[in-house]
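Chain nomenclature is as follows: A, B, C, D, E, F, G and H, assigned in order of appearance, with residue numbering initiated at 1 for each chain independently.
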Amino acid sequence: MDFYFWLFATMAVCAGIFTIAARDPLPSALGLLTVFIACAALYLHLHAPLIAIFQVTIYAGAILVLVVFVIMLLTSPDERLSLLQANMSYRIMGVVLGACIIGLLAAGTKGLINIVGSKALPDGFGSPARFGDLFYRNYLLHFEVASVLLLVALIGGIYLAKKNL
Amino acid sequence: MMSGFETIVMYLGMSLFVILAMLGISAMLGPFRPKPRKRTTYECGVPLIHPGQKRYEIKYYLVAVLFLVFDLETVLIYPLAVRYRALAHYGWGIFFEVFIFVAVLLAGLIYAIKKRAIEWD
Amino acid sequence: MVTLTHYVVLSSILFGLGAIGFLTRRNAMILFMSVELMLNAVNLMLVAFSEFRADMAGQVMVIFIYAVAAAEVAVGLAILIGLFRHVRSVDINKFNVLKW
Amino acid sequence: MGIEAYVGGGWLLTKAEQLINWGRSRSPWPLPYGTACCGIEMMCALAASYDMARFGAERPSFSPRQADVLIEAGTITKKMVPVLRTIYDQMAEPKWVFAMGACACSGGVFRTYSTHQGIDDIIPVDVYIPGCPPRPEGLLYALLKLMDKIKGDHPLRKKVVEALGASHGS
Amino acid sequence: MDLKERVERCLGSDALSVTEYRGDITVEVPRRRIITVLKKLKEAADLEFDFLTDLFGVDNLDLYKKKKKKKGDEEEAEKGAQEPQPPRFEVNYLLQSLKSNERLRVKIQVPEDDLEVESATVLWKAADWPERECFDMFGIRFKGHYNLKRLLMWDEFPDHPLRKDYPLEGKGEERHFPVCEF
Amino acid sequence: MEGWGIIIIKIVFIWTWTLLIATLMTWIERRGAGLIQDRLGPNRAGPFGIFQPLADGIKLFTKEDIVPEKAHKILFALGPILFALPAFSAYAVVPFGDKIVLGGKEIILQVADVSVGFLYIVAIGSMSVYGIVLGGWGSNNKYSILGGLRSTAQLISYEVPWGLALLAAVLLYGTFSLRDMAFAQQGVFLGFLPNWGIFKQPLGFILFMVAAYAEANRVPFDLPEAESEIVAGYHTEYGSMRLGLYLFGEYVNIYTLSALIVTLYFGAWNLPYVDMSKFLGPVAYGLASFLVFFLKVAFFLWLFVWVRWTVPRFRYDQVMGLGWKSLIPLALINLFITALFVQFTA
Amino acid sequence: MARPVVKKEFSLSDRVYLIEIIKGLGLTWKHFLFNFRACFRPGPHTVPTCWQYPEDLREIAPIFRGAHMLLLDEKGREKCVGCGMCARACPAKCITVKRGKVQEGEEGKYAGKTYCAEFKIDMLRCIFCGFCEEACPKGAIVLGQEYELAEYTPEKCLYDKARLLANYEKAKSEGKLKPARKPVPVEAPPPKAAPKSKPKAAAKKVKEKEGTKQA
Amino acid sequence: MVQEPNGPVVSGSGDYVTINIGPSHPAMHGTLRVIAQTDGETVIKADPEIGYLHRGVEKLGENLTYHQFIPITDRLNYCSAIANNVSYERAVEKLMGIEIPVKAQLVRVIMMELARIADHQVCVGILGVDLGAFTPFFYQIIQREEIYEVFEWYNGARLTNTFGRIGGLDADLPEKFAEKWPGLKDGIRKANDETDKLLTHNRIWMDRTIGVNPFSPEDALSWGFTGPCLRACGVKRDMRKNEPYYLYDQFDFDVPTGKNGDVFDRYMVRLKEMEESIKIIDQAYRMYLEMPEDAPLKAKVPKIIKPPAGEVYSAIESPNGELGFFIKSDGSDKPYRIKIRPPCYMIYQAFPEMVEGEMIADLIACLSSLNIIAGELDR
């Protein structure tokens, strides 16, 4: 099963690089789509089929669609918006900073392996039924709050976009 | 647990393979006679008018936002829905859960309709 | 054997990529996507921890992150559209005009 | 000229070409370019009584990329000439052209300042259909003639020649 | 009262001539007063020609030529040359009354050296394209038309095809189109 | 669990089957249209013109492939692939029969019975948007872009009532497995009706049906390719096999949707009042279940054709209005009713 | 813009989309069933509204104006005298006729004193109006029922005399000769002279007017 | 890159998208072109461009004899060639001061009304096709074929009939007519009925057509509308009633009108007019049968037509509206000037005003409901 991980991990990283390096935003969005799908595949590997599906449905199927729509609204296919940072120092700084973050995070994981030992997963781990129960028992309030948050986002989005119509 | 998904991945792979094969064969078999004006954009036979400016309506964005929110909420309720029958035994709690969910969605929808976010004129 | 470390490193790389993208690109659309990339990296981490700790709370958390990400995108892009109307560009360097 | 050697076996090649020709001749999707009265007769040929669809000539597609047969039915005025030419140019190979009716063939009775006298100096015409307008049967007959013409084609050999030409050229 | 008299009465001195041929009444009016006349005809209570059926031009070039030829002898021709040339073009307005269903043709003469007529679009929107066509085909310019450009021929077309001195098969104008090998 | 061999055979079988059905669909549609319209439709290629799709296929395969000069090369190439891929792979979790016992081995007539199979369909469904929108955008042609945008907006709009109708079904059956849903529809309901989803959720069925038509871009929702307005919509610039993939993907989609309708609302392979497994041998039962299922699907396939040649199409804003103002509230009501229903029967 | 505002009024059955759609489905189903059954009838003409062209030909009016032919008389002589009336009557100007004098010893070939040495019809230009047929004083040229005229090259569409005569032979062998045209009864000149003189008078008047105008 | 000579008047600015519809476009009947400036789906401004089928008919008429021009008139409104022929012949007859025999008038009326039906059938069918309903089109065309058959048996051509001659007719009604008419009548009624069933009460159809492009009667009159489009606006004007010619005053028929002048009304008016036409044909045919067998069909005219010098304008109610011919003669055998007054020319002028503020899809619906025939539009 290692192959599976490596395949999708590579895919995710490559697509991630493509996302931030692509000249046009639309191919960049395609790169992001690939990242999402690769991650979804990894979630499957991590016994989270529900999350994997949600990842595809929500991230790839809804959020990214919105992004793509906005790209279409704001750019035209003829314009090539290659907006790499003109200022070299910024770019270097960004790369350095990013590298630092990667390094830091990776370094912080050193001790992690020890924390997690057991891989004996409980029965039905990640199954929709368990998920539903968990939701209902522990996270009901969060759930409601999330739905209200979405409502607010909806209203905000419409309001902001409509205002300038 | 995994086996089902492996099958699906195989299925996907198969689909991809067939699609690529189709395109490949087509590319191989089709004639290729580039002519100067063959690749121009089709515009009912006349040259392009204002090709540069192409900004489309904000409405599409609004629809996408609405969809995003609705889709998300639908997806959020799926885990509950699948346990609904079981949880219904504990009483009406789960029902109110769904009820609130529906109410929130309706509120959003009514707002959107009121704001004429999905009117096209 | 794939361990948690693998996942954590992967997710840090993705996060880092997102950060680099966010810091180096000027196209506001790509900035948004970089942010999504970062959020995605966090999700990956959460799921990985949830697996290796055999606790589903991580997975549930991810769902809430989705909600947050969606809200962010919905509102953020609306703002971006508003900005675009005035500046006619998605170049963030042009957004520093305060008087719009 | 040794093309068979490239593809391997003359028999197979011929069979393959026959198959391709059969497919092409059985599915000539029209691009109905009906500009005038002949367009109405073309419509009748597409409609119930004559039903061009029986020969697979269905799905009239106005996008030149998707069509095989340009049915030029009607007068081409000088104002229309560039349009027709553009549409023809944009069609994907293999493509065929019908000149339906006197106007398309030669300008017909409209020997005037604004009518183009025959489309064959703008685009190559495969089948001329005299008539003003030709009966739908006339169009169907032309379609059958076109099928015969397609059957005599050598798509794969041409393809190989093209490929060789391209590689030699570059 | 029959239409002819009513028209004469309504227009007064504006009516240069009122003729009837096969039941069609034609009234000729001075060119400069065309809009006034049309307005009068449109609003007069006993006429109410409130529907513009058509508007078109006529080129009378050949008509005069032929006449001259017919008369034949040189004296006449000389005389013809000295005479002031009759205006070459005509513009006809076909009017109809919605109430009484009567029809009337109003005609103006337009000389070749001053091809300008007031536009009737102020009275009827229907005059829009016919005037454009008239401009396209004869070169008669309509003052006050908001969008006077060629209608049927392409924009660079150099001539006015319906003029009598324009040959039927054209002068070889071709609209430029790109040619590449078949 | 089944061995790999069987799984591969199943995949190949279903793949070929889907392909076959989709090709046949093009023929059925054209012949059906012909007969509805008092003409004959293609009848020259082979007996009854049954090889017409083959001829079309060969034609499309050997057609020149043009990439417009203004097109975005990557997106243009990706468009049909991204459209066809989800369409072709959606069938993976839909059953096509109960089970068959061959050589002592029990074979489930479904490619993959996963616990979240149902959501897989939802996820895959939401992916098909990309093919259209990227293809349209990549073509860089006004009609394509407009068609692509319209189509996308329509697809995502109808995904909501679609998803909500599905949600109600999930509420009802309490499972994500399409197979379990099929099993839940055995027996009778209220003593005399077959225990099919349609009788418990007539509203849900109608909603699903309408949304399915919209998802498949069929008349009356075929605006993205509404010929009379935007030429051929998002695939205006596509020719050869790329177009073939678009057209083909549409038919595969129709097949999948029909199968889904049957699984969810028409008792899958169950016959009303009769339990086939009781009196049929294991092999015969397997085949019979497959047959029954397919016949039901065939009806819906035909319905797609039939409706197409009967009704006019909507205008774009009317499509959106219908989706958001009628279907979604109805879907919410349906959800509500279902919740009540389950609450009382639980 | 003064656009009238239209209030939409829908009855209840209109409001629910489905009812009318189902009715429509019933209608199309009826057609489908009818034609489906008809499909199994023997012979090419199965569906009554659809003529399968190459096998199943629709009846064509005997007076249909198709390809031209030059007729021969009962003795097998060419009827055409090469007078060129047809060419003059043709609106498309697509007939070229050259007259030839009949030489001694050729009388058996030609019906008249003259004949057409050359007779060409450009079928690509012809609009099949039938005026040539009407104009011909000898009834020598006739438009036949032939309608399968498509050709690969334009040259083939230029029918010469041989082709036109061959057309006649073909039509004759197929029994597709046109029935003789029935002349329509023409009104006797009206007894009262009023309408006849009126135009002249009116014309005179107009001429006078123009004359006065010119003066 | 070709220079587009006829640049659009609408200039691209702001967020508007300029969409070019036509000439080679499914809904544009091959030769029309509209440059529409749109804001999303709404048309801000539409600029129709015509002339793609300008064949120089008027000029051609000046160079052909009076008789030779008859086939050219076929090619004006090719959906109903007979109406054009009759209108032209009537104009020449008026110019010559001829009154054609009653029987000829009856035959002309019958054929003209058949042509009217054929024209409306195409219009209704195409409207359906443009709005996505293909099937009614096929049902209509089948009946149209039957009408064609009658035409063909009458004078040997299906579409471009070259009907009649100056001074009357060249043939009597064929036996085929008597044979076919009862069945044809039922067929037309059935096809209309089926169209009605499939479309009229279908909610989708109603949504697409009711209230789309409404036009007020005042506007319509000012724009010079005639024919069904005017009647759809609620103005009861029909030349057959208002200025009756050819015995039309002796027939009993209605002039159907609409209310709002929207697409739906135009469609309904056309459907109803077909029914009225059937009525007229029935009556005319009855009168025809009462005539003696050898009643004259042609007035006495000279072989070479040389009308006296003069100018006349004569019009009839063609399927699309008032179709008029202005003929100026200089006494020779060729007309000095022919001006054709095509009905859809006037109607199509108003197109920009009609579609402003509507959706792109409505633009298509509007166009097909107006029944613009490029042949007579551009001439």
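Here is the rule we go by: a residue touches a chain if its C-beta (ideal position, glycine included) is under 8 Å from a C-beta of that chain, and two chains touch if they have at least 3 such contacts.
In this text, all values refer to a predicted model and were calculated from it rather than measured experimentally.
Number of steps on the shortest path from chain A to chain D, with steps defined by chain touch: 2. Contact with chain A and chain G alike is made by F. Farthest from chain B in terms of Cα centroid separation is E.
Interface comparison, B-C versus A-B: the pair with the greater number of contacting C-beta pairs is A-B.
Chain B and chain E, compared by their mean Cα positions, are separated by 61 Å. Note on chain placement: the centre of chain A and the centre of chain F lie 29 Å apart, centres being C-alpha means.
Centre-to-centre spacing of chain A and chain C amounts to 6 Å, using the average Cα coordinate of each chain. Put simply, the C-alpha centre of chain B and that of chain F have 15 angstrom between them. Shared interface positions of chain D, i.e. residues touching 2 or more other chains, are given as 20, 47-49, 51, 54, 62-63, 65, 79, 82-83, 86-87, 89-90, 92-94, 109, 111-114, 132, 135, 155. Shared interface positions of chain C, defined as residues touching 2 or more other chains, are 63, 66-67, 70, 73-74, 77-78, 81. Each of the following residues of chain A touches two or more other chains: 47, 49-50, 54, 57-58, 61-63, 65-66, 69-70, 72-74, 77-78, 126, 128, 131, 135, 146-147, 150, 153-154, 157-159, 161. Chain E meets chain H in the complex at residues 21-24, 26, 50-54, 56, 58-59, 62-63, 66, 92, 94, 98, 101, 103, 105, 124-126, 128-130, 137, 147, 150-156, 161-162, 166, 168, 175-178. On the side of chain B, the complex with chain D involves touching residues 29-33, 35-38, 40, 42, 44-47.
Interface residues of chain A, counted against chain F in their complex, comprise 24, 26-27, 30, 33, 49-50, 53-54, 56-57, 60-62, 65, 68-69, 72, 77-78, 127-128. Chain F contributes residues 70, 72, 74-75, 78, 114-116, 119-120, 122-127, 129-130, 133-134, 137-138, 140, 145, 149, 152, 156, 176 to its touches with chain A in the complex. Interface residues of chain F, counted against chain G in their complex, comprise 32, 34-40, 206, 306-307, 309-311.
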